[in-house]
Amino acid sequence: MLYVQGLSTHIGKIQILHSIDLHVHQGEIVSIIGANGAGKSTLLNTLAGLYFPSTGKVTLEGEVISGLPAHKVVRKGLSLVPEGRQIFSNLTVKENLLLGMYSRYYKEKNQAKDHIEMILDMFPSLKKHIDNLGGNLSGGEQQMLAIGRGLMSKPKIILLDEPSMGLAPKIVNEILEILMRIKKEMGTMIILVEQNVKAALKVADRVYVMEQGNIALHGTPEEISMNPQVKSAYLGIKMTS
Amino acid sequence: MKKAVKGRMLLALLIVFLFGIAGCGSQSTTQTDNKGKDQGKVVKIGVIVAETGPASTLGHAQANTVKLIQKELDQQGPINGTKIQLIMHDYETNDTKAVIAMDKLISEGVVAVVGATQTSTTMAILPKAVQANIPLMATAPVSTDKENVYMLAHSSSTIISQVVDYLVKHNIKKVAWLNARDAFGVIGLPAFKELAKQHDIEIVAHEEFDATASDMTVQLTNIRKKNPEAVIVWSRTPGAGIVARNFKSLGFTIPMFQSTAAANKGFIEQVQGNSDNIMVVGSKLSVVDQLPESDQKKRILAFRDAYVKEFGEEPDLFAAHAYDGIQLIIEAVKAGKTTAKDIQNFLKNELKEYPAISGTLDLTNPLKGAKADGLTLLRIENNQWKYNQ
Amino acid sequence: MANLLEVKQLTKKFGGITAVDRIDFSLEEGEVVAVIGPNGAGKTTLFNMISCFIPPTSGEVIYKGERLTGRKIFELAHLGISRTFQNLQIFNNMTVLENVMMGVHVKLKTNVFSAGFRLPTVKKNEEIAYQLALDVLEMVELKDFMYKKAGNLSYGLQKQLEFARAIVYHPQLILLDEPMAGLNDAETNRMAGYIKELKKKGCSFLFVEHKMATVMELADRIIVMDFGKKIAEGTPHEIARNEKVISAYLGEEAF
Amino acid sequence: MAKLDNVLYGHLWRPFASLMVIVLLLPLFVKSSYILTVLILIGIYSLISIGLSLLLGYAGQISLGHAAFFGIGAYVSGVLTAKYAGSPWIAMVIGIVFTWLVSYVIGMAILRLKGHFLALATMAINIIFFILILGLDEFTGGASGLVGIPSLSLFQLNLGNPLYFYFFVWFIVFVIILFSMNIIRSNIGRLLRSIHDSEIATETLGVNVAKYKVIIFSLSAVYASLAGSLYAHFISFIAPPSFYITFSILLLVMVMVGGVHSIWGAVLGTAIIMFLNEWIRYIGQTYFHISGQVEIVVYGLIIILVMMFMPKGLVDILERLWKKIKSVQIKGAEKRKMTTEKGA
Amino acid sequence: MDLVMQYLVTGLTVGSIYALMAIGFVTIYNITGILNFAQGEFAMIGALSCVSFVNLGLPMFAAIPAAIILTAIIGFAVERTVIFPVRNRSVITLIVITIGVSTFIKGLGLIIWGTSPRTLQPVMKMGPIQLLGAVINPQSLFIFLTVLLLLAVLYVFFDKTFIGSALRASEKNPRAASLMGINTSSMSALAFTLAAALGAIAGIMIAPLTDATYEMGFLIGLKGFVAMVIGGVNNISGAVVGGLLLGVIEAFSGGFISTFYSDAIAFGVLLLMLFFKPTGLFSKATGERV
């Protein structure tokens, strides 16, 4: 269980998040959608410890993780796959994956190999590139690598920031399928932030809609997709015209 | 909280600054007050040396010498009721700082200034001494026509003549010249050129190196192309020692001559085991134990022993120059002369000749420098200086 | 009306990826054109090529019949083109007034020597700059803040300030990179108002924007990009009904 | 319109006048020629640090090579007067023009670099200059230095007299401050500050940023050259070590300690560092009987502490203190007013 | 021919010293983005403390590691107390602050060791070696081998160990690295510690050739800096080649043009380099690898 209560974040003097409440249940995929600048990425970055919240509390399975720096949050079992993938372009795919389990590397050195095998099974397209530099992969492969790297720390919850950005629909589909598999096979909780509304609605168990740093709507994908406000706001189509 | 800290810091800095100005300004007065009360008359002698910075390899021993003399003076007590106070300034091998120090000394009312360690610095402070009309006891070779300058060092030609004598005696006609590219390094060659011409010696190669360089192999290789019969090096340590080592490792078998700036313990340490063909123009000070008995030996021995006792190391020629310079003024004070003008009169007209540590000084012709009788060509044997004669 | 700006076959490749692929369009005098598309569609790259921040791999940009491609960034202002930035680039340590006065630079003739000797021209220039700045600050309702440090303003006001700085010297073409990003509804409406007002005065705009409502309201014409390509062009009305556009925004109906 | 200036930039004349008063009054209290020498050197070095403040604080470009331009001024003046008996004033102008040309060419080439690499390039230029003055010993006297540089005289007034020279140097400092202040208090100064905040935005506003960087670079080089000429005539002897990188570094430290964003900071920093030097030496000698060694440690420590805790320099703190005092005064005055009213 | 050979040997000798220094620069620069002007001072401390340890009676094989460890500790302390708190400030501030550190350490060196040059006896006591008409100092050979060895060790460390890849990751993308659980601030400390150790090795290696003084840091630091720029700022093997190249340029320009202007020529080459290829000669060829 991830509980977020009254979370606010300032960047500089500007308040980006206004007292956000949300939660993720065990084995759930939660999507967060919203316009550019609604604060979705800031929310994920705050959860991951890249920003410190000004107020509010985040607990993961009962443990408080808000206020910890990023490298400690990972150890508590929360992994963020950042926007724009952010893979280490100067490292090989294998090194990238290994760094994903940095927080437990020294404890579980022996299992590293099995772990990598497991991830590669999930992302077969990475297998043939295992010794290539991350920077030489295609966009889709880089996204797979980023997700795979995020899973290497065996997180309780994984946060994905716009995984479909700039990818062809076919690849987006593949990624969505992988998310379903992660949910099913590993039982990892997932928070998915997306611009691609349809994709986000497709896989989610529940959806939050953000607007100007607030949670504007909350419900099942069906409820959300039926909401006329959403249609006009995110499709730019005034239903009346 | 943060602001309060900053405020306090600023306050501290301001106080520091104010004290600074006050301190700099009032130094002379406070000191005169302190000393004046119990000892009557005070004569101040200024010393400007490079205790730190690149020229400190020479200036360090000079600074020690000053400390030694001050200690002796304090033990002796006042001379003829006059207390002598040495005021030393470290100019950090920075000419501008030397000029500031000179001004400071003059405004403190010194009767003479001894220094500076380097030739260029001496030239920088010289106009101030002339202007204030106080004697400048130059411890580095200078060329000037100003009459209140007393050159205690050996002129370059006095030093180089030691080498030339050797060359003539051994019939060496082709010589390579190598010098450091600093103020000391460049003054040797003109003097040598003149003497070489007189004795028909050919300078087949001339190379220079940066005073802080770490390898002179290229210069020595260039020299080897010209097949000289001897190499003369004009440089301070550590450059002097590095050349000697490169010289040995390149397999040269011809003699190498080094200047007085290499006649110190540091050089010996540097060239351990690489000293076969090296001869150094040095002071008799370095080999005083090996000298035949004489008044000169006694004088030098007294200075050396006192120095060794105080600092646990041997003094060098530059220390001797500083020693001589200060002793001359002390002589004058002993004769009851306590103003800059009287001291100059005394030196030129009464003392005339003075047997100094570094060689006899002809004070009627003070710009000639010390005579060659204090110098000798040294060899190195078992990491010790060896008297050659 | 004559074409103010023409973009011809503009292409940019980064490594193996084609970020912008043979884009063609033109902008008439007095027209407001919007470029839209999903994240990563190449809008910013296109924008940066037009404003000479990065050189195109091929193709060119023509402004008033002259080739713009290959010029230095600072020359654009002298031609009457100004721009704003997606992530604000205001001068944080200067006052609001000074920020706007900076925008007048192209109209001033002060050089280091006339400034150093404080020749009469300097004074005159300062007055010109001050007057122009005052006018614009009044228009964008920032006059009350003119002696405040720009860095201390709220985000919305900073956006307004950057806009003011871009228009103070009366440019002909104004390039806006997401002018509404991060603004609330009231601020968005205000900004839209300024754009409309300037359009009346004959200014042309080219802008990239995500907020569809604003785009629909402001733009005369919309260009839609996806994967570096232009997939549609037309009036807001046409675009709103374009199947390709809808699918690009919603994700292909592939699953 | 003068009002507009004050509104935009604050008062100019108040600090200017205070500094002037200090400079005029100091000689009344300073009896020793040593302090006078230090004050003259502060004036000379201030010229360079003012230029560096323009370059570093306003245009945002670092230089670790200004000792070279200082040297060009000194050597042009020195060589032309000592070797060719030229007029010192003409030599000074030649030095300035020559420095302008050299620095403009250098600036065009190296100001494309940024940060560390610009620092390195300017250092390289300083070293090359240093080797050149050593090498061209026929003209420059090489390593043994150049002797016999005459002191200046102005309309029968012998500036060899330190007191006259003191006033002369500080007069020039004031002229340079005024000139620099005028630049800062114009749209040129504004654009320099804007370069500092956002180079890219400044460029889009139609400013040829590269050109202005080069102009400020050569302007600061010219200030340094002028300082060099004055230095040569004051000390009457110049030798290469005075123009090495170590001096460039010292200048940089002066500007940073004083406060890089203000011309007053540059002057303040120069004065502080010069006196600090003398002060550490004095304390060390008087109370601890050590010389030289400690100075450099304390010096390094001060650089570190100032950079860590007062990155805007001393002038920033002075300004804040001034504001505080003022606000306290105003409050005090109000209080007094209130009590008197009560009393009445 | 002998001549050319001798210049080459001298150039490589001096160049390997520069290379040693450059390696330290590159290490810090790549991980923290700081050019550490105090790098030369680490060499000074390494060399002089090694001399002191030997004088205290420690055998050479113990004195050298002791000196390296001491210097590494100082490097660590410098990073924690001075560099880390200001790491996000402007480049100019960082330049001045490392200059301050350099001045401070130099002053400490002066107080502790005085001004006279100290000699360190070479590890290998043997006569000069003749090779194709050129004379090679055995210590030079030793330095050369050390450079090669360090290159290999650092290659393994950065490219083959886990901590090495963590270092490279934090260099490339500190934000993402922290998302992996890497404490990027400790990586910066590690970089300084490592660079200080490398500096100490450089100092100890060259002390038998040039003697150690408290002032030795500045010039070799500067030359190492130049070597780094010539070779490419983000790659260790490039920096080594840059160092060797710089040494060879100096030696040949000294031999065939003028020893007087060889330094000026070296810095002239640096300027040309900065104008035309500021990323260094080899930065492209080996990609982004450290």
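To keep things simple, chains are lettered A, B, C, D and E as they appear, and every chain counts its residues starting from 1.
One rule holds in what follows: contacts are C-beta pairs under 8 Å (C-beta built on N, C-alpha and C of every residue); 3 or more make two chains touch, one makes a residue touch a chain.
Chain identities (UniProt): A = Amino acid/amide ABC transporter ATP-binding protein 2 (HAAT family); C = Amino acid/amide ABC transporter ATP-binding protein 1 (HAAT family); D = Amino acid/amide ABC transporter membrane protein 2 (HAAT family); E = Amino acid/amide ABC transporter membrane protein 1 (HAAT family).
These numbers come from a predicted model, not from an experiment.
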Contacting chain A as well as chain C are chains none
Touching both chain B and chain D, which chains are there?
E
If you tally C-beta contacts across B-E and across C-D, the winner is C-D
Of all chains, the one whose CA centroid lies most distant from that of chain D is A
Let me spell it out: compute each chain's centre from its C-alpha atoms, then which one is farthest from chain B's centre?
A
The distance between the C-alpha centres of chain B and chain C, rounded to whole Å, is 72
Report the inter-chain centroid distance for chain A and chain B in whole angstrom, where each centroid is the mean of the CA atoms.
75
What whole-number Å value describes the gap between the mean CA coordinates of chain C and chain D?
41
Calculate how many whole Å lie between the centre of chain A and the centre of chain E, each centre taken as the average of the chain's C-alpha atoms.
43
Per-residue multi-chain contacts in chain D, two or more chains:
134, 292-293, 295-296
Touching two or more other chains - residues of chain E
110, 260, 263
Taking all chains into account, which pairs touch?
A-C, A-E, B-D, B-E, C-D, D-E
In the complex, the residues of chain C that touch chain D are 51, 53, 72-78, 82-83, 85, 89-95, 97-99, 101-106, 108, 110-112, 115-118, 122-123, 125-127, 129-130, 147, 165, 169
Listed in rising order, the residues of chain C that touch chain A in the complex are 17, 38-41, 152, 154-155, 178, 181-182, 184, 210-213, 215-216, 227, 237, 240, 246, 249-255
Taking the touch rule as given, give the residues of chain B at its contact with chain E in the complex, in rising order.
51-54, 56-57, 60, 181, 207-210, 212, 214-215, 217-219, 221-222, 225, 237-238, 241-242, 245-246, 248-251, 266, 269-270, 272
Could you list, by residue number, the parts of chain D that touch chain B in their complex?
29-38, 41, 134, 137, 142-145, 147, 235-239, 241-242, 272, 275-279, 281-283, 286, 291-293, 295-296, 309-310, 314, 317-318, 320-321, 324
Interfacial residue positions of chain E with respect to chain A in the complex
162, 165-166, 168-169, 172-173, 175-184, 287-290
